[in-house]
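Chain nomenclature is as follows: A, B and C, assigned in order of appearance, with residue numbering initiated at 1 for each chain independently.
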């Protein structure tokens, strides 16, 4: 009897110890790996995240159908971060502590996702952003954070200036950005690039909630630049393009990828096709949205979300950005081996370098640079058609640790 | 006066028991929600003092909350003192600013006081968003873990007992104030400036004091918040938050400490439960506000008119004795 | 900045300011009218403006009605809504012995409900525009550029303000509203039905919200954020004098011009805080505003 009890106890102890060891990584079981996703799924920023999440989810689903990663299926928990810092932090807390996910794959809004940096570092949980630029959390780099799968804001600014100087032959460049951190990031590289190409910048920084753009546009017109670069979000873009036309300013306008969330609505809001005689769009995918080389993504979307695809306005513009992020997570998990830990995963991430077949440039990380994508192409937009301008325009800015 | 074992005491004991058991049974996320509720309670108590006790409709509460957060956060990042110091500093700075604003605003009456304090609150949020060198502006500010003599608070579980303790302390202070002569004087001023002055109460000074105390409470609530939060963004430091606290106090019952606490917990829970369903949250808040104002405008725990009626008489007797 | 630039900015700031200011003036009129007649500062004015925009949008996009029908329907819906709110909610609050602060909180409740309803429809997720009845062709006045739409906005706003002035001064209803505002009990004794008059002034507020929304949204796009325009209307009402209707108009135009000037001469960033500073300065230095009478001390 004694022996029996002793043996049972020993067995239970061993089993518990084994179970504990096997599950010492949260979010991991023999058969599944739990990923916490968050993005704006509702509200006026949903165009930045709703379909991006759908794209990532469909990619994860495809991987699951093919057998998962080392026999583990990906299990997703999704939270709506409404594109603001407080909701994002609450979402991240819930995913990490309540749902106990293995890693976080979320964030479409740069400002808010940067706010999660301190928490992520305290909890030592990996964060792989979705499509946020998130420069503030990438420079200086953090061991736990990877991002800029769409493009870093630094690269946005630098590339725009390069395009203006090289293709549009501009010497005096008007620059409209936001007066927040986000705007500061793209401006920093824009100024760097301007110095490099010998051009001057005329900067007007505006509040993201601005309703009347008369003042900044008047000042731009008074400065009389050769080109106007706009790196604001979508709503101010409509107001600016409209006001430029009203003020009779018809030099080239280049709109950063930040502001192209809903082009159909942009055209409608501006209300005048003439306003688009000299407009260019920045694009960070390797082809025009809906173009030949991206067909596989849109076909996959139609297959997974037939109801959504039938609705007007879907898939949303940024949908394909979810793919490179999910690809990175999957590739790193595969490289982390059959007994992954968060440390092994992060180590694998720091060495990734692959062609996503979606983005204009490779997804490449180094131990000191956790921003994935830095290339952009440009399209001439007349309100209806997009025509690719040949060439790729790169930003020269690199991170210099202070 | 003998302390009777009332329903209030029972409720507090039950609450205390629950709070003690929680850390062993729930996740860190739930503890985060509880910590948040405690902050709401202190905010609501502060608003109770100025609106419930003194009857001054001040809408600048969140400004002082923000000052408390940034002050505590900055001091902690710069010097890492025991967090009690950072929190007290936040409360003190808020109190000082509360004095200044009170001095300017309390000359006005009712609607003008409300509008002036509202404008101040909004202007303060603009300062938080634009004073980049101090608050880091719209990038938000990172908070470092709070310290207390070698103990570092890095998550909600570790901050929990301290957050509860501070909230309990502030509750005790509120009740003590309410039951003191000061509280009676405040309520006398609330009922009628002129009558209070006729009894020798300096109405202006009382209102000023109430304003300062409520600002201090809000500042301390801000300090509490920094104990368990890793990042603050000024987005949440605007009029919306003031309205939320106002809702807690009004629906709980203007003039009632119980009401403020109950309102804080109820609305705090609703806001967290419905975080993912914002439109439902808004419609629900609106419906609750409309419903209460239409059918039970004095709130759940209607403030004790009896106490207010009794107090001036007592005070008068004591006043004449002095 | 060169003298030419300064002169250009002054002209543009003045003219653009008068255009947006005329809309602020309209909204300020609504706020002051409700306050004068019912003693309640309507904290839902911004949400009412937003609601009007989305009612128009829904009729246009979901009910597919022609714009010619959308305009009168929106006006009617908002006027009716305002009147109903007063009759069903506000009267009940006073009936339950609610006073000042409770009435204001009821308007806050309304604001929440309107916000939530609009959010629920999901229409606010993308900025949208209402069709413009006037072209955006530019008209040059001096050096400043205004669009035909801008001029139309100003003209219509002024016409509406004149009509409201005439109503308040010469019609029975207008006089009754003023009477109720000055002394409700006396007005009641004279035979004025308080309930009806209050409903009418709230209907007026709803109507004005709809007019303002239809005017301004082709210019600024329909988003849930247009509720913030009411803050400028509040600043206008305070600067002009919270109990003065002409003050609301003067205040509105002034705030519009100041907002534009601040944006042109200081920075676009400062535009956001300017109305709050205007409110604080006015209340500290001259609480009755420019045209308000002596500050009324409430009877104890």
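The rule we apply is simple: a residue touches a chain if its C-beta (ideal position, glycine included) is under 8 Å from a C-beta of that chain, and two chains touch if they have at least 3 such contacts.
The structure displayed is predicted, hence computed values, not measured ones.
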(message) When I count C-beta pairs in contact, which pair ends up with more: A-B or B-C?
(response) B-C
(request) Compare the CA centroid of chain C with every other chain's and tell me the farthest one. (result) A
(message) Centroid of chain A to centroid of chain B, CA atoms only: how many Å?
(response) 39
(message) I'd like to verify one number: the distance from the centre of chain B to the centre of chain C, where each centre is the average of its C-alpha atoms, in whole angstrom.
(response) 32
(request) At least two other chains touched by the same residue of chain A: list those residues. (result) 42-43, 179
(message) Among all residues of chain C, which ones touch two or more of the remaining chains?
(response) 119, 269, 272
(request) Could you check chain B for residues that touch two or more other chains and list them? (result) 278
(request) State the interface residues of chain B toward chain A in the complex, per the touch definition above. (result) 27-30, 32, 137-140, 142-145, 154-156, 229-231, 233, 235-236, 272, 275-276, 278
(request) Within their complex, state which residues of chain A touch chain B. (result) 42-43, 79-80, 82, 84-87, 89-90, 93-94, 96-98, 100, 111-112, 114-119, 122-123, 136, 179-181
(message) Applying the document's contact rule, which stretches of chain A touch chain C when the two form their complex?
(response) 42-44, 46-47, 179, 204-207, 209-212, 214-216, 218-219, 222, 234-235, 238-239, 242, 245-248, 262, 265, 268-269, 271-272
(request) Show which residues of chain C lie in contact with chain B when the two form their complex. (result) 35, 41, 89, 92-93, 96-106, 108-117, 119-120, 231, 234-235, 238, 242, 269, 272-273, 275-277, 279-280, 283-284, 287, 295, 297-298, 300
(request) Enumerate the contact residues on chain B facing chain C in the complex. (result) 51, 57, 104-105, 108-112, 114-116, 118-120, 122-123, 126, 130, 192-195, 243, 246-247, 250, 254, 278-290, 293-298
